[in-house]
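One chain, chain A, appears in both complexes that follow, with chain B as partner in the first and chain C in the second.
For the complex of A and B:
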């Protein structure tokens, strides 16, 4: 447990941490990520208030809840998740490969370019220039810029990974594949259904895009991160290398095949729908192997989940991951779809994946890295605890509430009740969702404040001159 | 192979992605090759033309402000209406997408959950083979009702008032107001308002059971005369 045990690396011929990791950039990415998360949650609050008919700023064109609902999803995907992942990759990849990213200037250029892409998307959406595909709403003129940005990201991070010799660690499998997949997925979703195919075929491609964006961009970057941080925090290797292999290759094979499960009972050919359903259920089996591997790694040291906050974030996310994937395997069947498609069930599911799993993991990594980069303790560890409990609790209430509400909506529709009956019965669920959302939002604001006060406490002479204490663990 | 860069980039990264794209995207594209994509011009049908000319009757000042006067010659007037109907449909679609209407309203009737009784015939592939379904507007959430059979079901007056202030017509509706599609009053739609009305009236106008009324039972003349 003492910090001294890990200083061994310093006197060998390994490159020094401060020559590898551009710590300032990691922090910048975190600040950008949390800023966009605030924007996203403001947008979500606005839509939540609109649903219960208490929108405080109604009938203003640039504050239209319909437009801000798209800012909510895009700011989370491209503003929060992508920025946090990029920051974390700037920490993980150089330390795993023992090589810095290809070019320091390029790293900063990518940072600036990505903030431009996200901001421009938000502005485009506010002025009503969206395109008609979820997460592909990015206005036409930004698509090529974002595509170029993703290419630069792949080059900048790909270079150190490709220079390593011999077999790579699990994290790098996920990262390397994700760099290829993200580029291809973005290209597929933002160009094919807009310019080349229409109708049901566009639906099939659109389904692939929204699914791959979660499965081939967010998921591999998330798991790559877990395979890196969990063994470090537990100071032991992964339980089974074989299961790591099964997990990666199972995900790589089955994940891309499921896009069409978002559009079941549409005019898309039935055999393709069944194929998507089957591969979704197959993936659930792969997910179980990954969960077993992580639980196996924890086995015997479970108490650490209580005392170590970042670890608690990680395993909470892993638990939610198991729940969402189990839910996936059930809700993807035609029987469930008949009832829950188009309802708030799906919205609850989406929040559990994006916030309960990936955001929780990233917030955990931030909780772990920020004090290491700033070389000072958190301003208030108590606030960190509050942040965890309000985030996890708020999310649990929100998704549980929406999933339950979705069932009632589905039954109301199937019973051919008048449409406003389904609105009336949704109101209590929407109200609870709003409160849960506000709790989550408040927790993030507290985290931001904590971050700011910690930064203000940080020693003035920054990372460049100080010896790296980053390798030491809590 | 399983832990090497080449295996991960070529097999997992590119290979599996390509396999999925071929099987899940290229297959339906090939299957629908016999139904070529219709342009917006080809989508204008009698029902829609009727609705578009109806807008000129209902909102004469607004219509004239947006599109000007139709030529006196009936043949020229017909092409004139067609041309403006086409541009209105395009702009209306752009507004429908830009305002995020499709995040709360779906555009497809499923063969389950009694949906064909509420909304009309189950959706078929040919209905979506056109420029305005690129990307397709299936939708993912129904806060409000499905709209793919909405055309002709309600008058453009109703639609205009509903866009201006949904709660005036649907009590308790969570739909936001869209006053920026109007010059201050629901009977004064701007060019954008007229375009969105055209788009809404287009939805389902291609169908043989147009307009589709929910649980519509024609009132027998005898009962009607008895009540008088």
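For the complex of A and C:
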């Protein structure tokens, strides 16, 4: 047996779950994540009302729609996604490495520091201190604090991973890479355009930043999570661990090339734009390896997707992931881009990625882990089902509506119709988007209430972990 | 732990997709590097590209080092081993009192 396989032969030496996982912190992260998701969706709702000319907060500068929009995107990225990922990593990494995180106090310090960073960002944005970079609007005075926070996160989680010997499971590869990539990506996006380069060069770096934030922060943490939870829920290993490594290394080598595809038809040199287009299409091969692997793992047990709610969340996200990547391969071609550039197609695509894929996965993990940690069933399993269907259905309607509306906008502009004409034709699509958004928002509030009532019903002691929740029956 | 033999189909697929990923990656990298050389030689129109290309070279160099280090650690010798170990460890963690 290889030392690196982390299997300890003598049971008495085998670490105990409660010594590895700080369950309370996992729950705290989930609460923080869902709180920021509520804030983000409230901001999205206000922005949706503004688009159909029903702004409920007119003439209040600090609550102007432009600022709410930044709250919406930043609260989702750094408040919801990052908090949920950190909580999930506190569960996954110690159990995979059989080692706790580097320091328990440091874990709590990071939790507090990260909430400070997100709250300070929100306050800074409301008071007009945004940095001029999409998804990097974090005020410049917060950037060093956030960068330090990311360094501490990398040290705290990196230590147990680096202590493992021999071949690592693919989840640890994704996590280890994400810790380094997120630190570098944040530094690149928030400091390079601000202090070192300008003009088109800064635009190119900005494109890299936006794309890498999705591809090198959210994607590896998301897939790392899936490679851990899907085999556990299916009670069988991945169809091919080797193929999963192809997916990982493909992501590593291809993704950094692609940022420029966010800035096609700009003054950025065409050879760079074409390079981004080609590598985006090539990345679809990598995506295919991942999809084949997860479908192969499910093969013969597909019925579980119906009965096992967390698994249903996961495979719904995988389906949306395939759709978004297929969209990517099409929309980065210059011909297609000429039609959809600056339209709501892009907004629909972004919502499908961020909510349809990564948020659905995280909500699935929460649906699975919360009862395990609290040692009690969900207060209402029916509410959990409602949460899933309203989230998935709402997202399908919202993204489909925006994608279709984007095509109409593009055709309107291509026909050289007046700007007002494209606004008029967009209003029905924006109305549908608002309704779909309200359905999604209501579903999250229901989930939050279910979470609260489940926690209230939980037994006092939470020191021992039960194997599974009722919704995750295999 | 006895080394488990991979099924032929997954073994074949792994190599097939490895080739599909690596060949365009190497071509893309060579293309980018050629562009960088042209920029350094004074093509003013391409001067914008120096920063993103340097970023990409920096990142790729990191991945390459990581890849070489991984290979030397024997990560590609028993490709499905870590997957079975993970399942085994999970079972043991959950079966504790």
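One rule holds for everything that comes next: the second predicted complex is superposed on the first by the 451 of 474 C-alpha atoms of A that agree within 3 Å, B and C clash if a C-alpha of one lies under 4 Å from a C-alpha of the other, contacts with A are read in each partner's own complex, and residues count from 1 in each chain.
Keep this in mind: a contact is a pair of C-beta atoms (placed from the backbone, for glycine too) under 8 Å apart; a residue touches a chain by one contact, two chains touch by 3 or more.
It should be emphasised that the depicted structure is a prediction, and the values quoted were computed from it without experimental measurement.
Peer 1: Clash or fit: chain B against chain C, after overlaying the two structures on chain A?
Peer 2: They clash: once the shared chain is superposed, the two partners overlap in space.
Peer 1: Of the two partners chain B and chain C, which one touches more residues belonging to chain A?
Peer 2: B
Peer 1: Go through the superposed model and pick first if A:419 touches only chain B, second if only chain C, both, or neither.
Peer 2: In the superposition, A:419 touches chain B alone.
Peer 1: Scan A:95 for contacts with chain B and chain C and give back first, second, both or neither.
Peer 2: A:95: touches chain C, not chain B.
Peer 1: With both complexes superposed on chain A, which partner does A:303 reach: first (chain B), second (chain C), both or neither?
Peer 2: neither
Peer 1: Taking the superposition on A as described, I'd like to know which of chain B and chain C A:275 touches: first, second, both or neither.
Peer 2: The answer is both, since A:275 touches chain B and chain C.
Peer 1: Could you look at A:167 and tell me whether it touches chain B, chain C, both or neither (first, second, both, neither)?
Peer 2: Both chain B and chain C are touched by A:167.
Peer 1: Let me test your reading of the model: by the given contact rule, A:184 touches which partner, first (chain B), second (chain C), both or neither?
Peer 2: A:184 contacts both chain B and chain C.
Peer 1: Mind working out whether A:128 is in touch with chain B, chain C, both or neither, as first, second, both or neither?
Peer 2: first
Peer 1: Does chain B (first) or chain C (second) touch A:56, or do both, or does neither?
Peer 2: neither
Peer 1: Considering only the stretches 4-12, 22-30 or 58-66 of chain C, report the one that runs into chain B.
Peer 2: The segment of chain C occupying space taken by chain B is 58-66.
Peer 1: Of all the chain A residues, which ones make contact with chain B and with chain C?
Peer 2: Chain A residues touching both partners: 167-168, 177, 180, 184, 188, 192, 197, 199-201, 204-205, 208, 245, 249, 252-253, 256-257, 259-260, 267-269, 272, 275.
Peer 1: Give the list of chain B residues in touch with chain A in this complex.
Peer 2: 2-5, 8-9, 11-14, 16-17, 19-21, 23-25, 27-29, 31-32, 35, 37, 95, 97-104, 106, 108, 110-115, 117-118, 123-125, 127-131, 133-145, 167, 170-174, 176-180
Peer 1: Spell out the residues on chain C that touch chain A in their complex, using ranges where they run on.
Peer 2: 1, 6, 10-11, 13-14, 17-18, 20-21, 24-25, 28-29, 31-32, 35, 45-46, 48-53, 55-56, 59-60, 62-63, 66-67, 73-90, 92-94, 96-97
Peer 1: Would you tell me which residues of chain A are touching chain C in their complex?
Peer 2: Interface residues on the chain A side: 1-2, 4-7, 11, 14-17, 20, 95-96, 98, 166-171, 177, 180, 184, 188, 192, 197, 199-201, 204-205, 208, 228, 231-232, 236-243, 245-246, 249-250, 252-254, 256-257, 259-260, 267-269, 271-272, 275, 278-279, 282, 285-286, 288-289, 292, 464-465, 467.
Peer 1: Okay, in this complex, where on chain A does chain B touch?
Peer 2: 50-53, 55, 58-59, 61, 64-67, 69-70, 128-134, 136, 161-162, 167-168, 173, 176-177, 179-181, 184-185, 188, 192-195, 197-208, 212, 216, 245, 248-249, 252-253, 256-257, 259-260, 262-263, 265-269, 272, 275-276, 337-339, 341-344, 346-347, 410, 413-416, 419-420, 423-424
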